[in-house]
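When the chains are written out, they are named A, B, C and D in that same order, and each has its own residue count from 1.
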Amino acid sequence: MSELQADRSSGRVVAGAGQRRSAAGADLLIAAIGFAVLVSLPFLFSSKALVDFVIRCAAYGLFATSLNLLVGYTGLISFGHGMFFGLGAYSFGLLMQRTGLSIPAAFVLTLLISAVAGLVIGAICVRLKEIYFAFVTLAFQMLIHSVILSWQPLTGGDQGLRGGIPRPVFLGIDLGNQLHLYIASCALLVVGLLLMRQIAQSPFGYTLRMVRDNATRASFIGINVWRVKLAVFVLAGMFASVGGVIMSLFVSGAYPEFAYWTISGEGIFINMLGGVTTFIGPMVGTVLLLILNDTATRLTEHYGIILGVVILFFALGLRKGLMDFVVEWYAERRDKASTRETST
Amino acid sequence: MTIESKTGESKMGINRRATLALMGAGAMTVAAPWVARAQAKAIKIGMPTILSGRVAQLGTSSRNGVMIEVEKLNAAGGLAGRPIEMVVRDSKGQPQEAARIARELVNTDGCEMIIDGEASSGSFAVQEVARDLGVLCVHTCSEASSLTADPKQRIPNAFRCARQGIHDSIAGGNYAAAIAKAKGLKKWATCSPDYAYGRDTTAEFVTYLKHFAPDVEIISETWPKLFQPDYTEVITRILQAKPQALYSALWGGDLTSFIDQANLYAMFTQMEVFAVNMADYTALTVVKNLPKGIHSGNRYIKTFPATAENAAWGDAYKAKYKEYPTNWSWQNATAIMLLNEAAKKAGSADGKKLAEVLPGLTVKCPFGADGTVTMRAEDHTIVGYAIGWGTTIPTEPYVPEVKAGDWKQIFELEAQWKKSKGYA
Amino acid sequence: MDFDALTGCLVSSACIVTQTTSGLIIGMLLFLVAVGLTLIFGVLKIVNFSHGAFYMFGAYFALSGYQLTGSFIVALLCGSLGAAAIGLIFERFFISRVYGRDVLMQLLVCYAFVLIFDDAVKLIWGPEFKSMGMPAAFQVPPLFIAGGVVPPFYLLLVAVALAVAALLGLGLARTRLGKVIRAAAHNPAMVSALGVNTALIYGAVFALGCALAGLAGALAAPVRSLTPGMGFSVLIESFIVTVIGGMGSILGALIGALLLGLVRSFGSIGFPLFTDGLMYLFMVIVLVARPTGLFGKDLA
Amino acid sequence: MSGQAVIEVKDLDVYYGTSQILFGVDLSVAPGETMALLGRNGAGKSTTMKAIAGLVPARRGRVTFRGEAVTRQKPYRIARAGIGFVPEDRQIFPDHTVEDNLTIGAKKGPEGQDEWPLKSIYEVFPLLEPLRYRIAGRLSGGEQQMLAIARTLMGNPALLLLDEPSEGLAPIIVQRIGALLRQLRARGATILIAEQNMHFCLGLASRATVIDKGHIVYCASIEELKADEAIRHRYLAL
């Protein structure tokens, strides 16, 4: 698993409480700056496509980063993470279409639904190891996809939730307006990333790494491995469902494709593209994949060949994600510089 | 050089070169895709469709149908004097991609209207984009009735230029009932793909079959999944029910697989088969052992309507693309004819103005039952296209005799159907 | 859900015979694909996500061979050998670079080739679906056995699959090459230290697995339409088969394929709208009860 | 002496990832000689053996076998050149029968010689013959060790590498293995044997090389080593 371990090269030890607090402060600052930059974009560039692009980045980015909590931090390779993306989109869409709830209420309820689903499915899945965990999550994903297709009166079957998702104004926010949706998506993205960052850097986050590196040793020192895995499975599922909510708002609907295995596959691909050893890797991967996708579909209908060649470049050429590559390259340069200094 | 090309070269050549060119210049082209381009005098029409995967043929033959008319139109001066530039993109059959591409085509590429070559859920996703952006949108592949029939779905700027299952089913029900009565076929089975189109069309067919032949009874229903590779379990189930007749809304490769596999069980000697999607060249030319006498609705067939215009169009298409047109081809070609006629009437290529004149517009068209088709004003969907049923033979002309459907009857029953659905 | 129909079928011998044979037919073709998958996993420890593409290649090569010669035997040879050749190239130049690496990296390389192969088929044979047609020898009426209906072509199919199962089982158990392959599956470094070129073994096993998938594709070509991407649904089902049977176990693949065939054939009567879901449900149940599948060994 | 050595290891460096395990290891074995490579647990004995067999890559240095460089060759090529490796934990194939284990290792020697047909194996290892259809995984540790040696002999090696053949075995079994190896030596075999247990090598090996922390620290006849208490104490904890 060595290629997939987050923070592997840094060899960082658990930071003391004081350090952690200041690190959290720094994260908060970065998040605030990031949010400010994102919000200012539509005012600097009048491109509607940029707005769309960032909304999609928010949806996929939250999804992919949450998957990295499982893959990179805990060593749980889930092939079925897309089920939460789909679950989020469908729960939210159905709540809005059928119940007349306000958007925040539907949002919270969606999180709850995903958490419950994650709890039930996770309780079964996290017992299994490695490739079998991957397969059983995939099976659950396909099961949910089958249910969505079959439960036609509720889900609309293969045609998805039709007729648009109503978006009543709340607190002066009108998500029917693309700019409002943009700012809301950015806010969800930044808050979601910030929360996941805090989870990753918390004692719980270090427990995850310990479970990943040596589950037996972790259980010797009194960690309930099953409960830890389940907890992160549920948390990751909730963040993934937020991605689904954003996507459902973007396309104003929910479609069975959102719960298909290909979404999980894209999530994994994004992680490999951006790299899983840094927190920001999946986000970088998201931006890369979306640019790649958008450019390739503009230029050719043989999208498969292009994407295939790019994947091969990353898998066989770089042999790691972009951020992993950058981080290692930077570390090497720094090492060289410091040895030069000491030798002179 | 991309698939946005307007040239008439064979699509294969273009694609290969585009691919190679892209491989070479990939990095350069990543440059900010959202930089808006200056608008040329040409009018750009965006077209999200499916060009990859199992139904890639939907996209390629749709594009062919569009291009053959666009080239004619451009040679004759274009849409209200502006040459058309088609921008065709592959959604890979994913609704979120279809929505994204449709938005991008309008917002970034400066397309002034959308021809939506998406099927099923993709067309609903594009419909939402059209609702949001207010851009003129013509759906050319989605046969799902609710897309335009349901007032909750309908929007003033979107039109459907495609068959509707309800029309096929009324014509088919009438045709099948006559045969059922003549041959005493009382016990029926159905076998249709388990998705909206398959379910709706089958339910409607059964409704009208029973309407015209009340003593018909459905004794078995089977619902294979879309793109299911193996139908053995379905076939044996139908055989065990021992029906006298079978209705199927399977299409394309699924239909030919079903026929090939059912042939092994000699199914076609044991019952009359009504397969609404059989009489399409995609299926007819591909099946090697086509059983004689399958009843089918027409999809595209150059001998029906039996006019010189239709035959000429089919031959021209075949000469150009080395294959016969599909049902999607004529629907897409008709969309361009309609837009052209609307532009003439409005004296402009402006989408808003076209949307105003399109409702109720009748256009001369080789695929019309009487040489014309009409964009019905009340629900923005085309009517009056050639519709009929006949029996197939394994060689050209494949369907020697097509019994034309009666549009008057279709309208009557369709109106009742809409009422029953709460659409009207 | 239709329990009446299911119980009705279970008390009718004709129905039981017909649905069991149709389960066998569905299962045996899946077995041919799944056994290659399980063999490759067992020996190379690679989850060959691109295995469906070799099924597709098999079908397309068979189609071209049949169109050129009109002989179904030639078509079968073209299908299996063509798929084997592509498999060998794929293994030598790409898969061999990711041996022992992360399972995600291996999957990614396979995924890349799923995309590339599908587009390649689209470029070579065109995007429209094709059909090979039934060879004249098999255009005969079906047989009636114990009240059930069985087409002769499917008898051939089942016979070929069973023969492959028997040959593989015997070959691996009895021949020296088979013994070396099993030893290499268990401990490749040791086999190599005994003077066996394991790269050759890996290449041969991968090619054999692909040949079996290609054979399945060629056998399916007369009755299934050919499209780019046709391998995918078959891949998913054969994955379910191998996972249920236990990754790496040939007997497991056989039993898993039969079980899945039966689940489908009887499931289509009891749960006509949820046959696919039933397969996934079955897989979940098996994995929860036996995490390594019915005949799998613990990997750890 | 180096001119006629069967195997000569020169200046070998081996790394596991970024950590260096062997530092310029030198070693040579003459024809018909039995050499003991002694050292404590973790001193680098097994790594040296594996590096010679090609199972771990050498970063630097060279291994010459019968006058030809085999450094960085693939393990199967090294085996075919005539180096037979019996690994530390035996690594028999547990699901195969005893005879299958043997036949998997069967091949002609580098000159096409076939000194070890099954018949001769069963003569030298009479214990194995009655067990020939037994599943190897069910054998006792001593029987497995015999099988591992026999399996390697089936490949007719010109040099036999034995990694800790006495490890984890009861004293009585160790004696029998020792006797067996003396028998092989008597037949003219060239053997390199890595051991923690010096006493096992007395009366078996003629020379001894001592390795510690990846460095060769001593090389002499085994009698000299036995006499040199300081060295023994320092490097072998005896």
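Rule of thumb we're sticking to: contacts are C-beta pairs under 8 Å (C-beta built on N, C-alpha and C of every residue); 3 or more make two chains touch, one makes a residue touch a chain.
All values reported here derive from a predicted model rather than from experimental measurement.
Colleague: Enumerate, in label order, the chains that touch subunit A and subunit D alike.
Modeller: Shared contacts of subunit A and subunit D: C.
Colleague: What's the chain with its C-alpha centre farthest out from subunit A?
Modeller: For subunit A, the chain whose C-alpha mean is farthest off is D.
Colleague: Could you say which chain's mean Cα position falls nearest to the mean Cα position of the entire protein shown?
Modeller: Minimum centroid-to-centroid distance belongs to C.
Colleague: With centres defined as the mean C-alpha position, give me the subunit A-subunit C separation in Å.
Modeller: 34
Colleague: Counting in whole Å, what is the centre-to-centre distance of subunit B and subunit D, each centre being its mean C-alpha position?
Modeller: Using C-alpha averages as centres, the distance is 74 Å.
Colleague: Starting from the mean Cα coordinates of subunit A and subunit B, work out the distance between those two points in Å.
Modeller: Those two chain centres are 37 Å apart.
Colleague: Can you give the whole-Å distance between the Cα centres of subunit C and subunit D?
Modeller: The mean C-alpha positions of subunit C and subunit D differ by 44 Å.
Colleague: At least two other chains touched by the same residue of subunit D: list those residues.
Modeller: none
Colleague: Listing for subunit B: what residues touch at least two other chains?
Modeller: 15, 51-52, 59, 194
Colleague: Could you check subunit C for residues that touch two or more other chains and list them?
Modeller: Expected reply: 118-119, 122-123, 273, 276.
Colleague: Which pairs of chains touch one another in this structure?
Modeller: A-B, A-C, B-C, C-D
Colleague: List the residues on subunit C that touch subunit A in their complex, please.
Modeller: 47, 94, 97-98, 101-105, 107-109, 111-116, 118-120, 122-123, 236, 239-240, 243, 247, 273-274, 276-277, 280-281, 283-284, 287-288, 291-292, 299-300
Colleague: For subunit B, which residues count as touching subunit A in their complex?
Modeller: The contact residues of subunit B facing subunit A are 2-3, 15, 18-19, 21-23, 26, 29-30, 33-36, 51-52, 59, 88-97, 99-101, 103-104, 107-108, 120-121, 124-125, 128-129, 131-132, 144, 146, 150, 152-153, 194-196, 199, 226.
Colleague: So in the complex, which bits of subunit B are touching subunit C?
Modeller: Counting only subunit B, the residues touching subunit C are 12, 15-16, 51-54, 56-57, 59-61, 194, 221-223, 225, 227-230, 232-237, 239-240, 252-254, 256-257, 260-261, 263-266, 282, 286-289, 323.
Colleague: Considering only the defined contacts, which subunit D positions touch subunit C in the complex?
Modeller: 53-55, 74-76, 78-80, 85, 87, 91, 93-96, 100, 103-105, 107, 151-152, 155
Colleague: Please name which positions on subunit A make contact with subunit B in the complex.
Modeller: For subunit A paired with subunit B, touching residues are 45, 47-50, 52-53, 56, 149-150, 152, 156-160, 162-164, 178, 247, 250-253, 255-258, 262, 291-292, 294-306, 309.
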